[in-house]
Every structure is written in structure tokens, then in C-alpha cells.
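First subunit A sits with subunit B, and in the next complex the same chain sits with subunit C.
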Partner chain A sequence: MDSLARSQRGEKLAQVVMWSSAALVSAVFLWMLSDLVTNGLGRVSWEFLTSSPSDSGRAGGIGPIVVSTLLIVSVAMVVAIPIGVGTAVYLAEFTSTESLLGRLVRRSLDVLAGVPSIVFGLFGSAFFCKTLGLGFSILSGGLTLACMVLPILIRSVEVGFREIPDHYRLSAAALGLSRTSTLLHLLLPAAAPGLAVGLVLGIGRAAAETAALIFTSGYVDRTPESVLDSGRALSVHIFDLSMNVPGGTPNAYAAALVLLGLLLLINGAASGLAHRWLGRNIATL
Partner chain B sequence: MSRFRVDEGLLWSLRGVAFLAGTIVVFVVAFVGWEASAALRSVGLSRFVTDPSWYPSEGLYSVLPMLVGTVLVTAGAVLTATPLGIMAAIFCNHYAPAFVARPYRRMIELMSGIPSVVYGFWGLVTLVPLIAQVEPPGTSLLAGIMILTVMILPTVTLFADSSIGRVSEEYTRGAAALGLTRWATVCHVVLPAARPGIVAGVFLATARAIGETMAVLMVCGNVVKTPGSLFDPVRTLTANIALEMAYAMGDHRSALFVTGLVLFLLIVALVWGAELAGEGRARG
Partner chain C sequence: MSSEHPTEGNEALFEAENLTLVYGDTPAFEGVSLSIPAGEITALVGPSGCGKTSFLMSLNRLSDLVPNCRVTGSLRLGGQDILSSEVDLIALRRRVGMIFQKPNAFPFSIRKNLTFPLQEHGVRDRDKLATLVEASLRDVGLWDEIKDRLDAPALSLSGGQQQRLCLARALALKPEVLLLDEPCSALDPLSSGVVEDLIVSLRGRYTIVIVTHNLAQARRVADQVAVFWVQGGAGRLIESGSVGQVFEDPQDELTRSYVTGQRG
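Entry: the complex of A and B
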């Protein structure tokens, strides 16, 4: 009878601990969110999003920084999408899981997914900036990010292709379609959900990145005239304002809120799409 | 193999693209290694741990204080995030009603997508002043551990959650039929069955913590000194690279690439460990 009472007490205790740990985690998240919203929202306006920063960013807006961020992310995606989709198609449709090239590519992408962003930064600065002579530029930053987002892009697109039922391929073969036209007219449209999820996740990953950009795309906060100019990403702007500019905190709040809002939107869309279309959780890991 | 000429062309171009994607990691290692080789030749690997301190301008290259910083921040964060994350996953699967579990899961997913610079900024403007009230300067090992805990918590939770969710219902029903309490079921039936996935998640979270740069750079204070207490500032290997790459030249620059290479190898080992742990899941 004693042991019954004890195990009931234990059960109660476990319940309390579980609910309070969940409450703690939610509280931290809400604390952060509300802190950023209350301190940042007052400054975010159309004016702030479009005007140039002045006084090292203490005053003015983030117009040129938004332009640079969009350019860096676009360069990254324009380079990553053809390579990523091609690789995913190869892995999902044209090779068995046992083939040598398939295994090597998969293994190397797993390692690439684990490489810390600062090491990508070192690589980008040695390869794109120095060896290829692109210097501190939006192109260098975008190319570095392209390498970084490839693994997550490939993984999602591959899942999209594997979700397509086999009778699509069999019917196409029975109709005498070439594999190329099967791919272009049948499989690519059917894999659109996976493509969309991969694309959105890749954009989210690229937009969130800071460490890989500090010494590849640089700090210049003017509007870039071409992709060979240096441009400051939004994340780098937040870092610079909060660490190197005394009195930059109010504008850093606003910039952080803009970036956070953007990413919650992007990642929310990605996970919504993944749950709905792929019926599984690729997660933003 | 195929009757169509165009298919041959497609296959070869896809092979080419896949090969290119596969070689990126080789490029990363090659270029970081190449830049590191100058310091490895002129300074030598042993001096990175035997030199009295890190004063690159005077040719002293001991990375020990930074290595200790990285190990302490990571260990602190992993030790806090692991129990919290596992509890959050148990909560989602066995304690929370569905209308709580769904939004809770969604919230954790959103947390995993918040950029590290935003975590770092929030830590700098909220946590650091709070810690400074207890003991200045506030930028400290403790602040780094707290921010990193929040950052890697989603990784631990999401892995544990999917692993616990996959534990067969037969097990939990069997446990219920035997009259086990919910807590006893979780402890003695669910967790042992879900262990491989949970361990894999912890490995990956550790890798993430070691590689994290911005958040620790912003809240840790970055003083090159082995910390004596939780309230002392520390500098991690990643923060060191971010701080000094901008102006480093010659051997100093090359030495930073050596630390980058070490980080890379550490993380490859952890990802590999996660994979081995996860294989247990596939068998079990």
C-alpha cells in the first residue's frame, strides 16, 4: 500500500515537472518575442525599411541593407537551385542507394550539412574572395551561402521526388516516354511540393546567416551597384549595431524584429508546406 | 541502357552536377587546409597547446584558453538542454493533450529557425544586464551557456520527439495493461526504446553548439583567459576567428585557419557519432 501511494505521488510530481518545464521553455520564447516586439515595433515603418542608414546606423533606416540582403540571398539561390535540384534528381531517380557515386555524394553532403558557418566563412574568404579574386562582394557572400544551403535544399527536393508513387514512372515508361520527358513533364510538376519546401528552407537558412558573411560580403552599408560590390546583410547589420556602435541598440532592435519577422514567416511557410504536402516533418534543423 | 539519346545526355549531366555537389566538402577541406598549412609548417602543431598564451603579434599561439572556453560553453549548454529537451519531448507525447502539444511543437520548430544573431542580440540586451546585476561585467560564460541552451534546445527536442513518437504503441499499451503509471512507462519502456534517436539528437546539438559563432561572440565577453567562474568572460574558438580574421595577416591568419580546421574535424566526428547512434535506431 505504501508503494502504491509512493508511485501515485511520483506520478503527480512527474506531471508537475513536465508541465513546468514546458512552461519555462514557452516563457523564454514569449519573453524574447515580446521584448523584440515592444522595443522594435515603434521604429519599424516603411520609412525605416527604405531609407539609408546615417550616423553609422544609429539613425536612418535599412534600405540599402535590405537590397544587399536580397541580392546575397538571390545569388545563393540562383546558384544553389540548379545544382541542388540536379543532384536531388540524380539521387532520387537515377541511382540506387548502393551505387558508389550516390553513396559518396550522400556521405559528403551529410558532412557538408554539419560544417559550422564560420568555417564556411573561412572557406569563402580563401576561395571566392582570394583565389577567384572576387574580393569582399555580394557575389562572394552569395556563393559561400550557396554551398551552405545545398544539403538542406537537396534533402527536401529528394524527399519530394521519393513521395511520387511508382505508377507515374511505370505508366510513363509503358507509354514509351523518354526518361527526360518523364522527368520534365511528369515528375518535376509532381515533385513541386518538395521543391517549394526546399526553396523556402534554403532562403530561410541563407537569410539567417551571419558568420559566413562577415568576411565574404563585408560591412559596406551603401546600396550596392553590382554584385561585385561589398554589401552588408541584415544579420551583419544587427551584429555591427549592437557590438560596434554605441547607441545603436534602438535601431538594432528594429532590424532584429524585421529579420525575425521575415524568418518566422519563411520558416512557418516551409513547415506548413511540409506538413500539408509532404505529410512529414523535414524540420528546420 | 536507354533507347533515347537525350536520356544519355541527361544522365551524364546529372552525374556531373551530383559530382560537383559532392566535391564541395573536399574543396572546403582543401582550401582551409591549404591556408592552415603555412602556420602548421612555421609554428608547428605542438606550439598551439604549449605556448604560454595567445599573442599572435608576438608570435605566441596557444589556443588552450579558447579551447577551454569552447568546451565549457558547449558542455554547460548540452548538460542543460538535454534534460529540458527530453522533458519537452515527453511532454508533447505523453503528458500534453493534443491541443497543447500541437502548438507547443510548432513553437519549438519556430525556435529552431530563429537566426543566431537575433538570439545573440537578445542575450546581449536582456540577459547580460541581468547577470551584470548579480556580478559585473555580465558578458560571461554563464550568459553564453544560457543563450546556447535556448539555441540547441529545439534540436534535442525535435529529435527526441520524433524518436519517442516512433515507439510502438504496443509497448505503451502493454505497460498500461501491467498497471504501470505513466511516469514508470515513460522511464522504463519509452525512453529505453527511443534512446538511439535521442542520443543522435544530443550529438547533433553538441556539434551545433561547438560551431555556433554569433551568439557566443555577442554575449561571452571574448577575453582570452581561462575563466575562473561562471561570471568570468570567455572567448571560444569560433569567436576568436570572427574577431581576428578582419585584420589577421601572415602566420596569424593561417593560425586562425588551423583552428577552423580543428573545429571542422571535431564536428565531423560528432556528426559521425550521431550517425552511429542513429543506426541503433534503424536496427532497434
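Entry: the complex of A and C
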């Protein structure tokens, strides 16, 4: 009975530890959220979301900045998704985990995933802006972000493919289905949650990126007319307002709240899509 | 016994000679020579790990999908060498269908499970697809159970129903041969009985090769029996013949003790 009581006490302690760490994490998030809401919500309005900034951003809204952000993220995703899914399919379906090429690609991706974003910014500035002559532009920023999110995207899509039970592939082959149609009609839909997770992580990282964008898409806070124009991303705007513009803090809060809302929206949309495609929650993966 | 099962007169459809399959350096089975007669049910029996399933997977070259798997020796289907690298695997697998141990319906609707492979094999006409769906579901006795919910997810069916759907999916492609890898072992007794009766009802229309651990089942359904055993670290064929001969008058001592339940 004594050992039973002791193990029950141990169980209780473990529960308390786990519960309090979970509570701590939630508390930090809630604190940040409430800080943003109390300081920023009063300024967020339709007017704020659509009008141009004035007085270096102390007054006015963030309309052009939202447009630039969405454009930069779109460019990044349009470029990253095909390359990412293609590479992931190659890694998961056409190379074994031990093959030399597979190991090389995976190792490179892991290294790339750990590279600080400022390094991507310098690379993008040197390669896209100067060597390719794209200048400070939304295109340069988007391409730089694409390079940055590719490792995350590829690895999560690859995991999505590896999680598909082998019996799908075996039974498809036993029915005389070609590899291509098995891939397109069976494996790709089954890997959709992995793709959604990769997209959420990728878009989240891209939309919140500052350092890589300062050197590539620039500071200009006008509404861009094409992807070859310079455009200021939300995160760059927040950085600028809070660091370089005295009195810019209130609008920085409001812009940060908008950015957070945008990320939550993307997250919800992606998990909703995955749920619809497969009837499963991302969280259950 | 042998009077109710035809044992002679059917030509060999598959002919394996000195067939060996290795995974890397580990042989799964070695030196297997076996004729599988057309239109009959051949049961492969033996203890676990004796290469029965590997043998089955070499008959439709599904073993190609396993990394580092190599098959040597000679294997003919209707006289044609099917180990050659020039064999059209898609055509081979359409001719030789397979059902697995666990039901493996695709995560589509019931209807799409049946139409998707047909469409991939070039059947596009809607009316023809509908006719084939109904015919193959009737073949496996599922039509009356599910005709009103063909658009429901296949994975919402019970295990036994899913296994019959997989069988219907294979039959819809009009194969000559059906390979069955312990098709009843993952099912409850009732569903297992239904699937077993179904297999018996297909006798004569298809050449059937069934792997089973269940000796009583082999005795009930099969015309021919091949007994596999692990000897010297690899699976070997120790005896084959008609079901009457193998069960009533086994030539090999191991077979005798296996079929009488003393070993295995």
C-alpha cells in the first residue's frame, strides 16, 4: 500500500508540473495578447486598415503596408509551394532515407532552416536585388522569403508523405495504377495536412519576417503598383515605428495587432482546409 | 474428399522453378518450384515467416516495391516470363489482382474506390462505369447492403464490408488471377465466414492463390495445398499436392505433424 501511495503522489506531482508548464506558456501568450489589445485595439478601424500612413506613420493607417505584405507573402508562396512540394515528393517517394543524394538534400535543408534571417536578407540583397537587377522590390523580398521558408515547407510536406501508410502505395500498385496517378490522386490528397502545416509555418514565418525584408523589399510606404515596386511589410513597419519614430509606439501596437490577427486568420484557414480535405484536424497529426 | 475438389485436368497457369527471393542478404524463400493450376484455389500454408506472403508478392511483382528485394529463378504466367525487366507491370497487375490481410479501401467514397482504378485503366463511359460498379458489388454480395450510400466514405464501412469492397475493386478490373494474403485474419468470425464463402463462390471463374494460417480454412476452400517451412534460415516448399493428398496422405514428416496439429 505504501508504494502505491508513493506512486500516486508521484503521479500527482507530475500532473502539477505538466499543468503549470502548460499554464505558463498560455499565460505568456495571453499577456502579450492583452498588451497588444489594450494598447492597440482602440486604433484599429476600417479607416486604419485602408488609409495611408502620414507623419512617418505616427498618424494615418497601414493600407499600403497591408497590400505590400500580402503581395510579398503571395510571391513567396507562389514560388515556394511548387518547388517545395516537388522536392518533398522527390525526397519521400523517390529516394530512400539512406541514399547519398537524399541525405545530402536533407542535411542542406536542415542547415538552411537554421540560418538566421539576416543572412537570407544579405543573400537576397546581393543576389536578387543586385545580381538579377530586381532592385528593392516586392519580387526580391518575396523570392528571399521563398528561400527562407522552403526548408520548413519541404520538411513538413515530406513528413506528411512519410506518414501515409505503405498499404496505400501497395494496394494502388496491386491495382495496376501508375506511380503518377497514385501520387496525384491518392498520395497528394492524403498528404494535404502535412502541406497545410508547412504552409501555416511558412506563411507565418514569411509574414512576420523583418530582417530579410529590410534589405530586399525596402521601406517605401506607398501602395505598390507592381511587384517590381518597393513595398514596406507590416513587420518592417512595426520595427520602424517602434525603433526609429519617436511617438510611433501607439500605431506600432495597432499594426502588431493586425499582424497577429492576420496570422491567426491564415492558421484557421489552413487547418479548416485540411479538415475539409481529409476530415482530420492538424492537431491530431 | 478429393471427389468434391477437382485435382487433375487443369493446366498450370503459374509455373515457378527454383524461385528465390532475398531481402538484402536475407532469403525469404529459396528454391521454390511450384505449379499453380488455372481456375483452381491453391492455398499456401505454413508457420509465420516461412515466405508465403513473399512468394505471393512475387506473383504480381509487388516485391519490386520493397527496397533491396531481389527475385531469381524462373516464374512464368501462361508461358510468359514475368520476371523479365520488359514485363509491363501495369498489365501484369491488372491480370493478377491482390487482396491484403487488412482491408485497405482508399479514403474516398465507396463509388470512387471502384471507379478510380477503372478510370485509370481507360474506362471513361459513365454508364459503363455504373454497370461495372453494380456488377462488382453484386459479385461480392455488397450491392443490397450499400446501394443507397455509394457516396458515403468507404472507411465508414465495417471491416468485413471494407474487405469485400477491396475484393470488388479487384474484380471490377476483370483479372484472371486473385492473390489473397490472409484475407480473413483481420476480420471478426462472422465477416470472416462471409468472405470465405465468397472466395469459394469464385472458384472456377478465377485462379485463386490464398495465403492462410488457418489449416481448417485451407482444407475447406482449397483444391491444391502448398506447405512452406523454414529450413536452414529460409522458407522452402516442403510439400504440395491436392488438398486430399496433403491432408490425408502427406509424404513429408513435417507436413504430417503440421497438418495433424503437432507442429507449427
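Quick notes on this one:
Everything below uses one rule, namely that the second predicted complex is superposed on the first by the 232 of 285 C-alpha atoms of A that agree within 3 Å, B and C clash if a C-alpha of one lies under 4 Å from a C-alpha of the other, contacts with A are read in each partner's own complex, and residues count from 1 in each chain.
Simple rule for what comes next: a contact is a pair of C-beta atoms (placed from the backbone, for glycine too) under 8 Å apart; a residue touches a chain by one contact, two chains touch by 3 or more.
What you see is a predicted model, and the numbers here were worked out from it, not measured in a lab.
Of the two partner chains placed by the overlay, neither subunit B nor subunit C lies in contact with A:V67. Contacts of A:L49 after superposition: neither subunit B nor subunit C is touched. In the superposition on chain A, A:Y168 makes contact with subunit C only, not with subunit B. In the superposition on chain A, the chain among subunit B and subunit C reaching more residues of subunit A is B. When the two complexes are overlaid on their common chain A, residue A:S96 makes contact with subunit C while staying clear of subunit B.
Applying the stated contact rule after C-alpha superposition, one finds that A:V25 touches subunit B and leaves subunit C untouched. In the superposition on chain A, contact is made by A:A190 with subunit C only, not with subunit B. In the superposed model, A:S178 lies in contact with both subunit B and subunit C.
Put simply, subunit A uses residues 178 to touch subunit B in one complex and subunit C in the other.
On the side of subunit A, the complex with subunit C involves touching residues 96, 167-178, 181, 185-186, 189-190, 278-279. By the touch rule above, subunit C contacts subunit A in their complex via residues 60, 62, 65, 67, 89-94, 97-98, 100, 102, 104, 106-107, 116-117, 120-121, 153, 166, 169-170, 173. Considering their complex, residues 2-4, 6-7, 9-11, 13-15, 17-28, 31-32, 34-35, 84, 87-88, 90-91, 95-96, 104, 106-122, 124-126, 150, 153-155, 158, 162, 181-184, 186, 204, 207, 210-214, 217-218, 238, 241-242, 245-246, 256-257, 260, 263-264, 267-268, 270-271, 275 of subunit B touch subunit A. Partner subunit B is touched in their complex by these residues of subunit A: 7-8, 10-11, 14-15, 17-19, 21-22, 24-26, 28-29, 31-32, 35-36, 82-84, 86-87, 89-91, 94-95, 101-102, 104-105, 108-123, 125-127, 131, 147, 150, 154, 178-180, 183, 204, 207-211, 214-215, 235-236, 238-239, 242-243, 249, 252-253, 256, 259-260, 263-264, 266-268, 271, 281, 283-285.
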